[in-house]
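This report refers to the structure that appears directly beneath it.
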Amino acid sequence: MLYFMNDYSEGAHAKVLDALIKTNMQQHVGYGMDEITGDAKMLIKKSINRLDADVHLTVAGTQTNTIAIAHFLRPYEAVIATDLGHISVHETGAIEATGHKIIEMTSKDGILTPAMIDAAILKHADEHWVLPRLVYISNATEMGTIYTKTMLEDLRKTCDQYGLYLYLDGARLANALTCADNDMTIEDVANLTDAFTIGGTKNGILFGEALVVTNNALKEHMRFSIKQRGALLAKGRLLGVQFKALFEDDLYFKIAKHTNEMAMLLKNGVLELGYKLVTPPSTNLIFVVLPNSVHAKLKELCHYEAEQPYDENNMEARFVTSWATPKEDVLQLLKLLKDFKEI
Amino acid sequence: MLYFMNDYSEGAHAKVLDALIKTNMQQHVGYGMDEITGDAKMLIKKSINRLDADVHLTVAGTQTNTIAIAHFLRPYEAVIATDLGHISVHETGAIEATGHKIIEMTSKDGILTPAMIDAAILKHADEHWVLPRLVYISNATEMGTIYTKTMLEDLRKTCDQYGLYLYLDGARLANALTCADNDMTIEDVANLTDAFTIGGTKNGILFGEALVVTNNALKEHMRFSIKQRGALLAKGRLLGVQFKALFEDDLYFKIAKHTNEMAMLLKNGVLELGYKLVTPPSTNLIFVVLPNSVHAKLKELCHYEAEQPYDENNMEARFVTSWATPKEDVLQLLKLLKDFKEI
Amino acid sequence: MLYFMNDYSEGAHAKVLDALIKTNMQQHVGYGMDEITGDAKMLIKKSINRLDADVHLTVAGTQTNTIAIAHFLRPYEAVIATDLGHISVHETGAIEATGHKIIEMTSKDGILTPAMIDAAILKHADEHWVLPRLVYISNATEMGTIYTKTMLEDLRKTCDQYGLYLYLDGARLANALTCADNDMTIEDVANLTDAFTIGGTKNGILFGEALVVTNNALKEHMRFSIKQRGALLAKGRLLGVQFKALFEDDLYFKIAKHTNEMAMLLKNGVLELGYKLVTPPSTNLIFVVLPNSVHAKLKELCHYEAEQPYDENNMEARFVTSWATPKEDVLQLLKLLKDFKEI
Amino acid sequence: MLYFMNDYSEGAHAKVLDALIKTNMQQHVGYGMDEITGDAKMLIKKSINRLDADVHLTVAGTQTNTIAIAHFLRPYEAVIATDLGHISVHETGAIEATGHKIIEMTSKDGILTPAMIDAAILKHADEHWVLPRLVYISNATEMGTIYTKTMLEDLRKTCDQYGLYLYLDGARLANALTCADNDMTIEDVANLTDAFTIGGTKNGILFGEALVVTNNALKEHMRFSIKQRGALLAKGRLLGVQFKALFEDDLYFKIAKHTNEMAMLLKNGVLELGYKLVTPPSTNLIFVVLPNSVHAKLKELCHYEAEQPYDENNMEARFVTSWATPKEDVLQLLKLLKDFKEI
């Protein structure tokens, strides 16, 4: 059985696992106050070239978005996001569960534009409406697309114009920053946002996200929010060990590069075979328009997500490559796609 | 200055005010446990022909929607409503503040259709999404349109199919049920929904809504929710006195009839003058496409709501009639609209 | 039947009712943006001699406490109050329902002391605990006792030492400020707290509280919180009319003076008859240790609250006087207490 | 430096770590729908002899308590717990952040008694109070004490009498069930509660709790709550692998037995040396009355928690043993305690 279901099907990259094994019997204070976590945070600060940033290591993505957004907002303040945003559709209403509305703007490719922010602000006139206060974007997006530096700069300007915070969900940030279409550095991300996350779970570690806060106004008492939302891991050192491994020797970016290469191999192969893409992706989420007849056979030999019907005869299939995807698997998948099509 | 701003510009209908004056020095127990409130509830139960219903008297509309929906739902459950629904746009995120997402379906005329519910259900596949659980509609809608009996029956069927509660916001229920296009009784409303409200504030009393719960599964402990949301009025008798006055001698419906007559007088006059309507209304909200030049003059002589630009040369103006609108005021407004147009 | 159940058994004082009648058919913009509300707020600002204060008129007490405290606090911040505080025990967990813990300090007489704050702060060491941030007191307290100016000054100092907000629930503020034991003015209250309320419901109006915010850091966007919590009354002018009547000619204080005089008449009479008090009150809540035998007879002729058993042979009875209590009723109650005791 | 700070200072037991290493490159579906997690859940169900139970694997303790309690309760319902309960004092108000009050009953040894429940119920009379609905206990308690079978049966009876759910926080359940004073099995725990947790983090795994729900009325849609609270781990298999290792060959209980033996060695040694205990513990939390002079020296050579002052000359020190504590460390700590005392 082939596996293109997601980028979290395996455990951890060998270097990360080794670090966990090596430190297993060390004794450390709990809740992330240990030295290794300190080292990991410092490596991240250096990587983004912002020693003034606050870095927190948390367990999972939905959890981190919830902590950050609930921490940043007052009760009547709201988030602007696309209707494809992870918080809009795949977090079981976690943001609303903390009391905040998400103003969802329609998007085809997962990209939020300044014009969407303009429209949202215009509509929210007075105290009978929620007060838009934070812009949520994902990079890479949920559709595998990415923001260019100019796009992010424009969002920053729009946010400044309206007094909005800009928060970037980086669950797949490594993929975004190492793909061919990218023209940004992680420093740019740090400098153009108020806060952002560096996803680990989908990039080679067992679990873990880094929440980076650069805006001073948003920093205070974050550990209270982390604890209150159940994310202050007793053995916090586990996060430190893993992120330290990721940010030594640029492992974080090397892993993602492989992921992207496998994705492009798949994308180009798929296009060559004459399949259509739902959206042209830059990173590791490949949404393919798959004839129902192909799907009927392929699903017996390969795990992937059947998103929704595309039209009467086709469906949208999502293929995801990961740090652990071997080249042979991509080639074999392409072979199957070729075989099933010809019949 | 003419007043077509809303249907809550004046105080209370004379009969309601008289009842308040007459009972002012009576001594009653607090929090709605008094006899008069008991009488009022019984009158409402008889009016809807459901002696088994639970009736609660609350102060205001946003408050009542919040109480009801927060009481009915589990933390991960969500509401389906139109994107024009009062809870979607004019309650400062009150529903989200209690932790529940509103799944907003695009609508032009404020009407929610079974097809919209189908679409919402189809999309919410598993535990990564919120669980749709309650359908919110307003009758009359926020656009002045209404549901026919068939429409409400179809919604009921769709809700039953998916295990959804049907909740009807009746802030302007009296207007809906007394307008020319209506074919429903208040009994129908009670029988086809799980819970609904009977709005008083916009129909001749100082303040007050009746929350009616007919579904047994939703009844228990409602007074706890009312108190927790700050709606258990110390002098609860004030609500009893007012609703008793409303539901004696059908005052509730008589008042609304006048409101609707004034609205139709205005609507027909406006159309005769050659103005366009944004949406053809059945009740007392008249959305008129007003040339900017007319607006510039009219706004000096009449209060009404300038909703938003319609196009470059026109804006959407909302004119509202009420129980207190004199015929002369409508005629004078029409005269102004005529004069300003001719120039 | 005599009525000593509470201070909200009747409707409104004649002057307040007259003002409502007189303005009934005036047309006003909604949601408290009308002129009368403006006048009322200005009268309150002048009365407290703080033209810089923000004043908001809301409907009910629990509602107002919820709005204020939820508006002031971040998600992980908590309230310090006594275990007798209205928010601790009589608001159905409304504060917790907005996400905030109340740290309850044991008190016999309803008074919160600086030593209690010290103890609460000492215990809450780090991010594993909530962060104490607001001190809630009531004046008069739920036991009918009051704060002297020195006591309030000491609380202010303690709050400043720890960076805490001081919020005073003035549901019965008029009674506190007009009783014999009082040495404070309403100006003192305004100057020594960050925010406080001026209760109307229990002092002669139909319903209504004024929320006064003097600390600039707490003012912003309060109307959003008021609307979100369902307290932005459509016919907001009703609150304006009533508070204007209250703050013209010092009616607010005159009413309370009568209430207190009736209370002291009752208290002294009760003591003369040889009954014991649970707590010596300064205002209009008289907690009497009532022999069960007396209670058995008295309850047939008089409404009052039977709080809880005092010991095997006695219970705690709460007698409350109000703006509407006639002297004759107090004398008759005392006569009953005398008669039932002698037998 | 010696380590008696807590029972989560090291990583994982060798068998658990091995299982993680061995399964690292296996491909599994996400979010706990994998086979290994299925196996782990089945092992747990067999261990508690309740195949009908629902078992969910979550990441951390505060998180699990929050999920469970928020899932079980309606908005106006409250928890009864001791004032030493983990949710009362060490979870940053996480329960209140979901909207629910904790009614805290004073306890010296961390044990909640039926009499405390009686008292809480008696006080909460009507809808002006929260509605007590769930009893929270910890076993072992936060003071290292435990419930006997009779004590738990009595709590069950009291809960049934008042219609309360009984929820047991088993963060240190293994320690409770393997200590000398214990007379219960894990089956008893399953049969006498409505839901309980089986703590992993403090008993030899990297992280993880099992939430067991035996009451059918509480089971539905739990995965929605888990996801909404950010606890649905992408690589859910990590929890499955660890719990499978724990519940094969009774490793779960073997580990705890060692922990308890080390604790008893320490406890007996401490008593022999003439030190006093704050509370006689049954498990691995030893609260010692430590003279300030001893503390001043000891803290330079050993990590442990200095809880709070005991009196002028002494403080309360908490020493914790764990699955990884070597006997030599206990002996060395006792030697230090002896040396510092003699001087």
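Note that the chains are named A, B, C and D in the order they appear, and that numbering of residues resets to 1 at the start of each chain.
As a convention for this text, a contact is a pair of C-beta atoms (placed from the backbone, for glycine too) under 8 Å apart; a residue touches a chain by one contact, two chains touch by 3 or more.
What you see is a predicted model, and the numbers here were worked out from it, not measured in a lab.
Set against the C-alpha centre of chain D, every other chain centre is closer than that of B. Of the two chain pairs examined here, A-B and B-C, the one linked by more C-beta pairs in contact is B-C. Note on chain placement: the centre of chain A and the centre of chain C lie 50 Å apart, centres being C-alpha means.
With centres set at the average Cα position, the gap from chain A to chain B is 42 Å.
Averaged C-alpha coordinates put the centre of chain B at 33 Å from the centre of chain C.
Among all residues of chain A, those that touch two or more other chains are 75-76, 91-93, 97-99, 127-128, 130, 224, 227-228, 232. Interface residues of chain A, counted against chain C in their complex, comprise 70-71, 74-76, 98-99, 127-128, 130-131, 221, 223-228, 232.
Touching chain D in their complex are the following residues of chain C: 75-76, 78, 89-93, 96-102, 104, 127-130. Residues 3, 5-6, 8-12, 17, 20-21, 23-30, 59-64, 66-67, 91-94, 97, 201-202, 206-207, 224, 227-235, 237-238, 303, 324 of chain A touch chain D in their complex.
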